[in-house]
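Every chain is named by a letter (A, B, C and D) in the order it is written, and numbering of its residues begins at 1.
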Amino acid sequence: MQYRRLGKSGLKVSVISLGAWTTYGGSVQDKAVVREIVDKALAGGVNFFDNADVYAHGKGEEFLGEVLNDTGVPRHHLVLSTKVFWPMSENVNDRGLSRKHVLESIEMSLDRMGTDYVDIYFAHRYDPETPLEETVEAFSDVVRSGLAHYWGTSEWTGAQIAEAHTYARENGLVAPVTEQPQYSMLWRERVEREILPVTENKGIGLVVWSPLAMGMLTGKYDDGVPEDSRFGRDSGFGERYLTEENARRVRALKEVADELGVTRAQLALAWVLRQPGVSSVITGATKVSQMEDNLGAAEIELSPEQLERIEAILAS
Amino acid sequence: MQYRRLGKSGLKVSVISLGAWTTYGGSVQDKAVVREIVDKALAGGVNFFDNADVYAHGKGEEFLGEVLNDTGVPRHHLVLSTKVFWPMSENVNDRGLSRKHVLESIEMSLDRMGTDYVDIYFAHRYDPETPLEETVEAFSDVVRSGLAHYWGTSEWTGAQIAEAHTYARENGLVAPVTEQPQYSMLWRERVEREILPVTENKGIGLVVWSPLAMGMLTGKYDDGVPEDSRFGRDSGFGERYLTEENARRVRALKEVADELGVTRAQLALAWVLRQPGVSSVITGATKVSQMEDNLGAAEIELSPEQLERIEAILAS
Amino acid sequence: MQYRRLGKSGLKVSVISLGAWTTYGGSVQDKAVVREIVDKALAGGVNFFDNADVYAHGKGEEFLGEVLNDTGVPRHHLVLSTKVFWPMSENVNDRGLSRKHVLESIEMSLDRMGTDYVDIYFAHRYDPETPLEETVEAFSDVVRSGLAHYWGTSEWTGAQIAEAHTYARENGLVAPVTEQPQYSMLWRERVEREILPVTENKGIGLVVWSPLAMGMLTGKYDDGVPEDSRFGRDSGFGERYLTEENARRVRALKEVADELGVTRAQLALAWVLRQPGVSSVITGATKVSQMEDNLGAAEIELSPEQLERIEAILAS
Amino acid sequence: MQYRRLGKSGLKVSVISLGAWTTYGGSVQDKAVVREIVDKALAGGVNFFDNADVYAHGKGEEFLGEVLNDTGVPRHHLVLSTKVFWPMSENVNDRGLSRKHVLESIEMSLDRMGTDYVDIYFAHRYDPETPLEETVEAFSDVVRSGLAHYWGTSEWTGAQIAEAHTYARENGLVAPVTEQPQYSMLWRERVEREILPVTENKGIGLVVWSPLAMGMLTGKYDDGVPEDSRFGRDSGFGERYLTEENARRVRALKEVADELGVTRAQLALAWVLRQPGVSSVITGATKVSQMEDNLGAAEIELSPEQLERIEAILAS
């Protein structure tokens, strides 16, 4: 496994990380299965496990937390993250990035995860209903009080990241060290045009989610969308990717993947890891073989010539 | 129920809030009654419960704290406030806003309330016998140590609020986010001329007490002051309101209220909520029906034409 | 009893305070006697009890701490102080104002006193072997962590006080609010020429020790020094006061005292309380009658004419 | 024993200190032996005991910690240090000076040592993979939270020390007070040309390790390197010293040592203590007689003439 510094921070994360997502404690309820996946990940060198309060409504934290604790791996060998922003109930303060919610939420997350601190605490979105100052002060206080070692943002704009970083530095507060954007072969513009110019300049590392474009990049939609797929059920994310143009691109990538002797999913992960500013790519797995595939992606070497061919396919 | 941000902070408060005032644990000793009122308030969407160390000499905190804890509503769904300033004993340091008293008092309040923190800690008046710097530093330390999420002032002058806010921002301390003034149809000048120009500019939200002018606005003094009324017993507050001019105004408001099919008390609450800068209005209730009336006020829509008529009556 | 703000801070101290000095737990070992004295002091309105780690080598803190706890007076009604600087053992770090010693010493003092915090923590002298910055940061951290509400200095020069205060204000640290100098009718120059110009300007209040000039001002040496007196045993302090000139002055003061119907000790205390910048005068008592006398001093009114006569006597 | 301030800080360290090094819990496993050595050191006035997480892989902390606790010497009479930087496992974050590792490591060190705080926490090397800002903030937080009283560096360059010190002062953080370099008669240039110009200017004190040049200065290699010596086993450190030139110098020092009636080891320690900027020299001992010899070095007086002769020998 390869490890990278999270941006220019001193924290090192495996380039392949495992996300609880809505899967663990949600669609996957069998702890023995998750334990197998986690064992495989640990054996393969994964040290970074991503979570959020909202994943399976808190069950993601409980589920993965318990499995990780059961492995007996020392806590300080792991990099654990969780997030705060999305509503956890109908209650009007049980959401967002107010000082109240951030401070209350970290306590509840740690409790569910069965740990005394997380390594990274993410603001899961920007909260336009809380002043940036209040949010930065709250996250800084979380770090200063030892409940998290670092904090970061997720899906913030370049301007919001820049302002948060600058406000923190100017006021003796702890600045964010990471941004977690959606980024893949099929979703590049926002990261490459808007985020990177800010994050690279400030030494903020990217942790990427949805590197497979919600599964689109596996090629499983080469012949159209099946009724019971995630895209079929939840069109919100799907529509972004599910275009004829993308389907053509994904089919065209098969040739490159075959040449390398890898799947297109692995190619997609390997490609993201070659992009500037990326520290880790968050993968999901519902069975051990998937985790194995994800781990394999970390070993793939892409030549300049292959990267150019990919670029040409994606630009088509 | 409608919720508003407390000023520009990320905290959201119900526009109708319930105050312990000197009632709970004081004139009302029956917990079952208070529980019914609180249940009604919660069912109606009230999330903000106001208190002070001095209300019923600490009994207000104990009483309402116990009732709220008994409801089983998760702590983080509630916005609890309390205050410090007024003497709690003959002791010379058991009052005011010295660092000593603020730090000792918050611990005693939390103990009485049965909670680990309040959401808002109010300086119940300005203390001319403590330097502003010492007071701001003490409240800031209370917030930074997690005993409160926010702090505010009550009945401070515009200049005092401005100085506290600026001193905090200039020195890396936590700034106040709210002011709790007396404000009603019959007591407007101080808020509108002096407070609002400061608080609106700084994003400080108003939480209003005595919106009914100590009951005057209910119309219950249309025919004069009864012997056993609060005004009769404690002329201090009463004199401010109990003028022939005000009695005439209150009688005149009946027509507007009748037209809307609401009581004058409800009209008075609804009017306050239409004023700029107001985040919440603190109401009292000694029986369930009063709480119901208060809740109803949140639903009242006042047309520009009705507001103009009210304005004309109040200006008369 | 009269109370004064400690300088311009919000803390209020009785003008007559009681010091453990080397007496309690030292020359006085009978707790019942001390309890009587403390009861008298409390009944008379004394709220400020001064101590130091070094008094009777820690026994002063233990002894007075236990007696005060036994009275049942609420902790927050009291103003407790203690000090750090003098060697507590032969150990080279068990003294002075290093960060190590200050942080270790406050914990040991609180333990001996049986309390969670002191109201004032004094630097008992200036430590030339520790940088001023280190000392100010350590005392500031003691206050910020809640182990003390305020901190002060004792027998520091005007320049040292000024530098400490300025360094604290300039660096976001907690500034000292009090200085405890030796000050009496017979020992004035240092306070009046050097200390007051600094402390009055910065709002730092004086708490005065040895207001009776080690007993000289009681008149008990009118006829010479007895063999077994404190002066006789420990000439260090005595020599400062025991001059023919002073003996003449003390004899001359008798006329003023008699006129007022008070003792010269009471006159001496009353005079100190009339001096600018003085918040409290620390008295000692080995029996109840002495405490009574001390309390009486707080009631004495000195006319401008009487003050002038005293001034003339002291200037002679 | 002579004590010196650690640089210009208020902490006082014995000029002779005892290091756990890889010895205690490593090559020496008999606690009774270590207890005898420690008793001798304490009796001789040593108050400073140096350690590191990496010494005997944590056993150094456990071993010396237990022995010191068993002596019953009050914790505040001791100056305990430990360090962080070198890998404690294969894990990628279990090393270096990231915020994560510093905060996790101090907790584990304190646990092994059986104490609530160390007096000095050292960054055992500079970590080029963590921003200096992150490292300084982490060490500052360790001090501010009471887990250490001071922090220092070990084997950092002058520029790194200067930058850390300046960054701390400019940002209200705790600055380092000590550097622990390798320094001896045979290894001078780095300290004298590069470190001292920075540390003397900033009041940073030197604590010196390997004052005997890995044993070379004892003269035990006068006749060549034996097979089973430390140099023989681990050539890395040895090569630095084991030159014909150095062997000649060490032989020449015998005359000076004999004249003083001391061993060359004692002379080497005494010489280091005469160099500017040095607060303490860390010695090792595997038997009581060695500790006795080390203690003896503190008593040696070197005349200007003798220092000149030594200088001439070393320059040859």
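The rule we apply is simple: a residue touches a chain if its C-beta (ideal position, glycine included) is under 8 Å from a C-beta of that chain, and two chains touch if they have at least 3 such contacts.
The structure displayed is predicted, hence computed values, not measured ones.
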Report the chain whose mean Cα position is at the greatest distance from that of subunit C. A
Same residues or different residues where subunit A meets subunit B? The copies count as same if more than half of the interface numbers are shared. different
Let me have the rounded angstrom distance from the C-alpha centre of subunit B over to the C-alpha centre of subunit D, please. 62
CA centroids of subunit B and subunit C: separation to the nearest Å works out as 44
Please output the residue numbers of subunit D that touch at least 2 other chains, ranges allowed. 172
Listed by label, touching pairs are A-B, A-D, B-C, C-D
Give the list of subunit C residues in touch with subunit D in this complex. 89, 91-94, 96-101, 103-104, 108, 127, 129-131, 134-135, 137, 141, 145, 171-172
In the complex with subunit A, residue positions of subunit B that touch it: 3, 5, 8-12, 14, 47, 74-77, 79, 119, 144, 146, 149-150, 172, 174, 203
